[in-house]
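These notes open a run of structures that come right after.
Below are two complexes that have subunit A in common, paired first with subunit B and then with subunit C.
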Partner chain A sequence: MATSEGFQFPKEHSFPPFYTPQINLSTRHAQLTKWSSLILSYCRHHSIYRLSLSDATNSPSSPAYPLFNNEAINRRLSPSYVKEIVNFMKKDGRAEWYGSDKNEGGGGDVVWIYWRTPEEWAGVVEGWVEETGNKGQVMTVYELTEGETTRGSEFWGLDQELLIKAIQVLAKKGRAQTMGGEENLGVKFF
Partner chain B sequence: MGGNSSKITAQDQAIYDLKLQRDRLHQYQRRITHLTTRETEIARTLLSQGDKARALLALRRKKYQESLLAKTDQQLEQLEKLVSSVEFALIQKDVVFGLQQGTKVLKEIHAEMGGIDKVEKLMGETQEEIEYQKEVSEMLGGRISVQDEEEVEEELARLETELAPKAATSKVAEPVAMLPSVPDTELPEVGEGRRQEAAKLVGEERREAIAA
Partner chain C sequence: MFLKHIDLTTALRPSYLPDEDLLFVQDNVGLYEGKFKLPNQQNGQVYLTSHRICYVDKAEPRKYSVALDLKDVERYEFYAGFLKSSPKVTLIPKATKRSSLQQRSPAHVAVPSRSGNSSPAHRQDGALRVSPVEPTPMSTATWVCTICSFSNPVPSNFDPTAANAHTPLPPCLACGIKPTLTLVLKAAISNASTRQPSSPALQTPLPVRPKQIADLTSAQSSGLTAPPRSSDPDASFHCPRCTFANHPSLLSCEICGAPLISHDIPTNLTQNPRPNTESPGPFLNSIAPAPTGLENPENVKLSFRRGGEKIFYERLKGCMTQRKWLLQNAPPIPKSSRSESTNSVPGAAGSSELERQRPKIGGIAGLERQTQAMRKNNEIVIGNAFEDLEALMASAKEIVALAESFAKQVKGAGGSSASENALLAESASQLGLITTKDIVGSDGGNSLYLSELARTLAEFLTDDRRGVLRKAGGVISLVDLWAMFNRARGGVELVSPADFEKAANLWEKLELPVRLRVFKSGVKVVQGKDRTDESTVRALLAWMKDLHEFPPDREVPWDWHEFGRGVTARDVAERFGWSIGVAEEELEMAEERGVLCREEGIEGLKFWENLIDTGEGKGYKDEATLKAELTLKMLKESGFI
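What follows is the complex of A and B.
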């Protein structure tokens, strides 16, 4: 079992057939499920919010490279199969093609990995706001992800775009209101 | 962005602007910190290459950037202070507003009561009414109604009939199983005249009691 910075890969990761798309439908489904949960737990462990698929499969510098490449058994996941896994995860709401919500077509190279969906992040943020008495306060997104007040909270260091997505969920529920431009968004919690 | 802007007040906007400034300073600091670490590295490599003069220059640059960093630290502190004082002032405003509301309501309630004079007058009137009520009660208490008198008489008779057989049984001292005997005492005949007499008697008793 290979480890990558404290992450314990499951047994399947060292099992060569795991890297070959299975023909049998039910086996294929089980394989897809395994891969998706592996990707989610790996990204959760390394706080990865979005992946560039070409980087993750080809470039050893990518943090997700050990996920799709197991050099110990000389196996790697093909980019097309990664794409299929991502589409499989998308059905569960656990992945989303980057930019697909902005009518940029989607299906590109970068993909959101939602080990927490924007809705779930919205819940985390809301809980934090409630707990720290920041209701009715104005905060900047930068402050939320990089500031001193949120250091130690779960969304500290969170991808800003993802946080903005979560805030928009809150705004839709009437629990927050955004202000300012896209670049330095501010938010008031209710 | 942001649907209705009604919930964002001018103060919110001001705090937001302040916080944006602070964020920018924060980012600036990060950049400078990054630069200083890089200058140190540059100085080190230059020195290993024997280029002392340029290494010195790099270190000077680093020193300058560090002084900038200290300055921005102070500015950041100022901004943070300002943000928190604005926030605190907002809270104070809320408190004052709350106090104002409370005082207003209190004033309204007092106005509805109509001042001390009115209350005093009201208390006097109440006292008067109580006195009057007492008088009326006294006057009424002097005269028991005919019906009441009849009831009193009836009760007396009943008590007598209850007591009479008991007295009889205690004399005989017969076993408990004995049925109560029919009362042999005659019911007192109450005439119209006697009744009035009794009423007068009771009335006098009452008056005495009250006087006492």
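What follows is the complex of A and C.
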């Protein structure tokens, strides 16, 4: 079992056929499911929020390189199959092409890996607000992700764009209101 | 018993006797016993062979299939059918149980043979034709003159075993041209071989005079019964052939030369007041009802519901004339014992015969004489042998040519392995009973031909001696089989690919022990019936499991204890003896069942035990099924179903 910084890969990761797209539909479904859960747990372990697919499959410097490349058995996942896995995860709401919401077409190289979806993050933030009695307070996004008050909470260090997505979810529900400009976005919780 | 239960081959066809030839097959035939239909034998195939007529029931072949021996058939009649009544062939059995003593009674012989039921046994006379007490039976063989095609009788003193170039031969009675020795020899031999075996069959030697042999066979061949009107030996009697009234002491007719019936019948026979010849009672009782529940075995009718009766009748006729069953247990053509041959050769032979009867002369003179006699004997024997050879040589050229062309065909296959050639040669000799298009009835389109072909193929495949399937690991591709089969036929009566495929498709319907299987790629293979995908998968999986235990040939980076190793189609083909094409298909089949998974790499396509799908994929359904289920659910909810 290859480990990468304490991450325990499942045994499939060193099973050679795991890197070949399966023809049989149910086998393929199982393969996609396994890959998707492997990617999610790997990203959670390494706090990866978005992945550049070309980097992850090709450049050894990428933190996700060991995920798609098993050098011990000399097998690697093809970029096209990684794309397919991402699309499969997208159906479950566990991944999203970066920039697809900004009308940039999507399908690019970078992908959000939602080991927590924006909705889930929204729930986490909301729970933290309730717990810490920050209702009615106005906080900046920077404060939330980098500030001293949120240190120790789950979303500390969260990708700012992802946090904004979560806050937008809250805003839609009427639990929060965004204010301020692009650069220094503020948020008020109700 | 007239109708006997028969054994069937794996392909549900009658198993043939060693010399039996298949002559005709017709389906949609029903059996009648007398006037009544046999309830269980109303739809089946009839196989006419040189020895038997076999009925194979369509619904319950193993239970109700019966056969009757042609040798038990007294007569056969043809009924052309009328309106809704199908054409029929009626077979009237001989009364085998009757004592052959009665047959000689003149009163019985006088019974006109028109009605088979009232005198069912007069053909039984055959029993008397040859009896062991007669060293030189009178020959009734005929030779056909090559000039005028008149059939002449072979002279009664003509002994085929002793004849040589110097044997005097009578000229043709019609044109006066002398026949060649070989012609007469052939006629005499063929006559001897057809006559011989009837006596061991019945084993009722009678002390009859040689003359009787002649009359009986002539009566048989002409279909007339020679009519000695009374037991008065002085009365003249009529020649069965030309009806000329001959003097009773004559052996052959003065006018036409036909052998005559003698009146010199032992008195105890002539006086015999026709015991129960006319009574059908004992005759009927003597034949036990067949196991199929036959009550009235007076005759058996074959009802041809879908045609074929004419060809059947023609072939039956030919068959009854040839009487091949006599050959089956016929002893080889009698070899002359030395004394006989010396007897018939004048001169030197006569002296050696005298020698034998004389008391032995001792000393050197005796030895000299002995060697002399032996040399002479050898000369005669060799002479005889060459005479026989001459007769053979007439047709030898053709046979040699045939054998050569056959060998060429087998060799011409080229490129095939030696074992395959051996298999082919072996097969070819066993393919004598092959179904050809002209054997089967042509009326029902091709279907009968195809079903017979399917059966032949099934037999070809399952025959243990050849082991075609076994050698191919239980699976053989249809194309390979086709090639093998046609080559085994030796270049004649080849089967077209279309017919072959159609026949293969019939296996399942005919419940034969082989099956045609189509892989999803469209490759067609032939395999045994008991061979299923499950058993193949099980075998594959068991092997895969073994690979967890045995280390791979070379170092592998992964944990082979955990995963085993990947196998290529080639590995599988080697392991199970399949062809590579078959192995590929089987692997893909197993993959499709989710038992195996694939790995495409630089080493090619490999298959592994499916460790990816360990339950996750089980609940997976593709979109089409999901949609269908959803629709069904909605319909149910809305009360439509």
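The rule is simple: the second predicted complex is superposed on the first by the 190 of 190 C-alpha atoms of A that agree within 3 Å, B and C clash if a C-alpha of one lies under 4 Å from a C-alpha of the other, contacts with A are read in each partner's own complex, and residues count from 1 in each chain.
As a convention for this text, contacts are C-beta pairs under 8 Å (C-beta built on N, C-alpha and C of every residue); 3 or more make two chains touch, one makes a residue touch a chain.
Note that the structure is predicted; figures quoted are calculated from it, not measured.
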item	value
Fit or clash - subunit C, subunit B, common subunit A	fit
Which of subunit B and subunit C A:L25 touches, first, second, both or neither	second
Partner chain in contact with A:K34 - subunit B first, subunit C second, else both or neither	second
Touching partner for A:F190 - first (subunit B), second (subunit C), both, neither	first
Dominant toucher of subunit A (residue count), subunit B or subunit C	C
First, second, both or neither for A:K11, with subunit B first and subunit C second	second
First (subunit B), second (subunit C), both or neither touched by A:A72	second
Subunit B versus subunit C - smallest C-alpha distance in the overlay, whole Å	40
Subunit C residues touching subunit A - in the complex, by the definition given at the top	557-559, 562-563, 566, 591-592, 594, 597-601, 606, 608, 610-618, 620, 622
Of all residues in subunit A, those that touch subunit B in their complex	137-140, 142-143, 146-147, 171, 177-182, 184-186, 188, 190
Residues of subunit A defined as touching subunit C within the complex	11-12, 14-20, 22-31, 33-34, 72-75
Subunit B to subunit A touching residues, read off their complex	1-5, 7-8, 12-13, 15-16, 19-20, 22-23, 26-27, 87
